[in-house]
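Structure below; questions to follow.
The first chain written gets the first letter, and so on, giving A, B, C and D; residue counts start at 1 in each chain.
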Amino acid sequence: MDDDESREHVVPGSDEEPDTPDVRGYDFRGEFDLGALLDAYATTGFQATHLAEAVDIAKRMQEADATVYLTFTSNIVSSGLRETVAALVREGYVDVIITTSGSLAEDVIKTAKPFKMGQWDADEAALRERGINRLGNIYVPSDRYVWLEEYLYDFFDDFFAEKPIRTPTAFARELGETLEDEDSVLKQAADNDVPVYCPALTDSEIGNFLYYYRQGHEDDVDIATMDDYEDLIEDGMLADTTGLIAVGGGVPKHHAIMTNLFRGGADYVVYISTGMEGDGSLSGATPEEAVSWGKIKENETNYTQIEAEATLVFPLLVAAAFEM
Amino acid sequence: MDDDESREHVVPGSDEEPDTPDVRGYDFRGEFDLGALLDAYATTGFQATHLAEAVDIAKRMQEADATVYLTFTSNIVSSGLRETVAALVREGYVDVIITTSGSLAEDVIKTAKPFKMGQWDADEAALRERGINRLGNIYVPSDRYVWLEEYLYDFFDDFFAEKPIRTPTAFARELGETLEDEDSVLKQAADNDVPVYCPALTDSEIGNFLYYYRQGHEDDVDIATMDDYEDLIEDGMLADTTGLIAVGGGVPKHHAIMTNLFRGGADYVVYISTGMEGDGSLSGATPEEAVSWGKIKENETNYTQIEAEATLVFPLLVAAAFEM
Amino acid sequence: MDDDESREHVVPGSDEEPDTPDVRGYDFRGEFDLGALLDAYATTGFQATHLAEAVDIAKRMQEADATVYLTFTSNIVSSGLRETVAALVREGYVDVIITTSGSLAEDVIKTAKPFKMGQWDADEAALRERGINRLGNIYVPSDRYVWLEEYLYDFFDDFFAEKPIRTPTAFARELGETLEDEDSVLKQAADNDVPVYCPALTDSEIGNFLYYYRQGHEDDVDIATMDDYEDLIEDGMLADTTGLIAVGGGVPKHHAIMTNLFRGGADYVVYISTGMEGDGSLSGATPEEAVSWGKIKENETNYTQIEAEATLVFPLLVAAAFEM
Amino acid sequence: MDDDESREHVVPGSDEEPDTPDVRGYDFRGEFDLGALLDAYATTGFQATHLAEAVDIAKRMQEADATVYLTFTSNIVSSGLRETVAALVREGYVDVIITTSGSLAEDVIKTAKPFKMGQWDADEAALRERGINRLGNIYVPSDRYVWLEEYLYDFFDDFFAEKPIRTPTAFARELGETLEDEDSVLKQAADNDVPVYCPALTDSEIGNFLYYYRQGHEDDVDIATMDDYEDLIEDGMLADTTGLIAVGGGVPKHHAIMTNLFRGGADYVVYISTGMEGDGSLSGATPEEAVSWGKIKENETNYTQIEAEATLVFPLLVAAAFEM
């Protein structure tokens, strides 16, 4: 290889200038302004650009008067994002919630007793001795579950009095109606007529206490899920436009995109996820993958994914995209 | 700071020698031997050590005659790990399966029509046009679902004839009994009397076709989950010893550890996961975290986690720990 | 196992209440306030708590009048974080910079020609044809390197006139002095007398053009690194207190903690990283690991790590912890 | 939306069958065979497919008689992969090594004293007291560095006797010549005439002891890097074909692809990495990204990346692709 050929490889030059914006970060001169920072994120690159896209898409969901689905994993309610979710519902920005069962159990507990800050690298055997459950860097003392058991038994009596086989949405709504805490997701959902879908309702302490309840009382009470699935599908088909904000992955995220398939895909989509694309998981699957299934409508600028742990970015998205 | 003090920081010395094994990798001299390689992984460090621990724990599960729970996410069945799971069940090494609904749908499809290898970075809108669904680097042509719909309608007729409200385990078992493919997870589970728990059964094409089925036929058929949850808990309580192999996280992993809580924790545990601990998710939660909850028994050498994408390591674990 | 024993497992209760703060997220009622949001992050859990800790530690660095080391990988300068780094230096908050060579090359280019926003999933062969280099979702047209080559040749003439063998810090300082852009990291570093360490200076286009320069001109010019290493060590030993902010990992992060070892460890440390602990890498290594080496001083609240992509959190850290 | 339209979304059907292989995992019936397992990985999907591709590409490198670059981060030598690297060099499969400085320091130590297995979640302050350094789940007692200091001082006397300013490759070669351990990477490299590039040689204990050495002895000894860079570029330009195996990212990976740019790109490329694409880092950058820069030649099947921690897969790659 001669030198000229090599130079051609190293410094090929280019005539063409892309007609995209310049990469340029926030200008810290002058008074700090969060809105301007998030605007600057659009041209900061990497994930900051995705957060700016998410803000834009969430605003456009509102302008388009979309039916907004908010999905989240249970640990979101374990964390201080519970209050952010409740605020979004309270302000009327959410039409459908889909989540997992731990969210319901923990939201109810927090109406009476707080979770406590903890350490990731605790001595877990010692914690077990002390009756303290660790959930990341959050501690949940076991007495919370003693309290929850009592609370649920009272509730079960009323809930199953109507009929022995009930749905998760009825469970969430009627339970929410019993709560008084304005920061409760379930209470706000009940007050604002937002259905809370939870297809795997048994998979938490709710299932555990339902198990004990059936042992002690009537063994014919049960949870059945197809009526909910029907409603979720049909409400989606009736909606003119849908928007989806998926905080974390798992069953909630899939439930939302799967039922949006019936209407030809969601119109606006924001994912916040730590999932890894390369493991082929649903949790790690990009919005692009969902396009091939028809679960998200193809449209270059209507979906994005922020690769981030949600506590870092979800409150910023809410602050920037919604009038709170 | 004077020089001696600085040297004390940089080269503090140490009298003590840890009494742990030397770090030492596989010796490639001589004939290659997979068993010896996996032995050498024990002293290779990082995740290789965890794979070696997993092999050891899986062997001890068998020696202790533990009731073995195998949990996995749906994409495991999408991939070629389906045949590995089926083989483990066929050889009698699995007592309980817990999974999500996509596993069931895709296992049935694969008895009739294969999935196809694909590309991660496809043009998804073009794929949608062609009727090809992308699942990581795997393609699922849409005609698979046309076929599945037919198959399930026939099955539903029989299944709900018995009674209108059924459980996920009954669904999996009776469906498995209709299958002929020896590499089918559901068929092997049915043949070997291994219950397949699936608390969120609606969350896949099974839910979709059940929705259509109810539209067209009888709208009172439904899936209820508490009988399954009761069985899962009580079988766990009856077991002398339990072992858990969780391939991926989500509802299946949590369902297994949550129900093992009733018996004071699982005895032997292997997690294979790409989950991130720092997001506080159940999927990323380490075995140590489950110890604080009493979901895993405290014991230094009875649990481990391999941080890896499962297709890379699960077949190796099976090859090394089980007589296949 | 009888039922009471089982209940003891499931609902063990707990007498003790941890004396840590309640988990509680931001209250969106009232006017939005970023400071209050970041305060609330302290009790939000997961990574939000780490961001709040980082703000606190960065404030305490300043109160303690620590010598502040800022380390970052080259892609930070590729992104819009370049302007944030420059601002921190301009405002006098940084005493030492350690980075990799791409940072220097790209900072100089950006004084004359911007990088452009791009797409992750581009057709790379087509981009190559068009002379456009992709760096994540950022595009760098190849003419930037044609320009850089000219610029560096002029600079090299002056730089090596003094003597043929020079150090990376001299390179960065003298190059910075030629620049006019107030948003340039190198210019601000030169103006504010902040040394820029770059032990692997050859590993970028700077090395490439130095190679061509030596071909065409004098083949005895060279870059030697031990004088820099000596200065870095000794300045660290002279410092009363040191604070370290590592944005990304790699050589820059290690260089900072390794040289802090000579003084018995850094006093205040913030890591922002996407690195994975479980791969045993330096980039993924936690502050805790560095404590065992004496590279960070043991002290429960003087170090933290935010597991996040830097563009999402570094500007927030700067806005909240420094008077800009 | 009417029902037919909805059905069209949910079960669109497809006429076309992709002409790619069926997804199908390893068949555990019969005698276990590692070669057959890795063949089956090609059709297992997700990362297993990438491992199978890597085996194929590494075989083709050999058939094409490519100049093989092996790059690795320092922790590879900390782990038991050191012996795998040494074996590959010993068997003559490697032509160029590029690594970071810790690799050299630790390879030398291991010729005399082993590293020890340890725990991730140790009490680091206690370890520091005991003089034990933690490196993931590996322990390095501090006396290793006391030993290394002595060893290097003797070596430095000879090394710098020739001339005061030397290159990293000379350092590695002459140091390797002093070693006797057949499992040493440096010894095998020296014996087999494989240059070991290490542009950031100061960034490890080698730099530390060079610092002390200069203090006590002659302060004009130094390490300069441009002669190495020149050789690396020119040997690449002379090579007919190049193959690159990058174990981990950072400077070594970049150094290899950057210098391959001079020849118009590497011909065959395998990356093994835990890096995250979405952080825009060089470590997380895919082979596709390097195609846009001309650092890898465009060719659909000549490059791949395995997203995995290297200890799990590198020995398998070596076992399957090279006659050992």
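Here, a residue touches a chain if its C-beta (ideal position, glycine included) is under 8 Å from a C-beta of that chain, and two chains touch if they have at least 3 such contacts.
For reference, the UniProt names are A, B, C, D = Probable deoxyhypusine synthase.
Source: prediction; values computed, not measured.
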(message) According to the touch definition, list the chains common to the neighbour sets of subunit B and subunit C.
(response) A, D
(request) Compare the CA centroid of subunit A with every other chain's and tell me the farthest one. (result) D
(request) Starting from the mean Cα coordinates of subunit A and subunit C, work out the distance between those two points in Å. (result) 31
(request) Could you give the separation in Å between the centres of subunit C and subunit D, each centre being the mean of its C-alpha atoms? (result) 24
(request) Could you list which residues of subunit D touch at least two other chains? (result) 10, 12, 45-47, 75, 78-79, 121, 132, 136-138, 208, 261-262, 276, 278-280, 288, 294, 307, 309-311
(request) Could you please specify the touching residues of subunit D with respect to subunit B in the complex? (result) 3, 7, 10-18, 20-29, 32, 34, 37, 40-41, 43-49, 51, 75, 78-84, 87, 91, 114-118, 121, 130-132, 136-139, 141-143, 145-146, 149, 208, 212, 215, 288, 306-313, 315-316, 318-319, 324
(request) Name, in rising order, each residue of subunit B that touches subunit A in their complex. (result) 73-75, 78-79, 100, 102, 120, 122, 124-125, 127-128, 132-138, 165, 199-204, 207-208, 210-211, 214, 221-230, 233, 248, 250-251, 254-255, 258, 261-262, 274, 276-285, 288-289, 291-294, 298, 309-311
(message) Give the list of subunit B residues in touch with subunit C in this complex.
(response) 1, 5-6, 9-10, 12, 45-47, 121, 237-238, 261-265, 276, 278-280, 294, 307
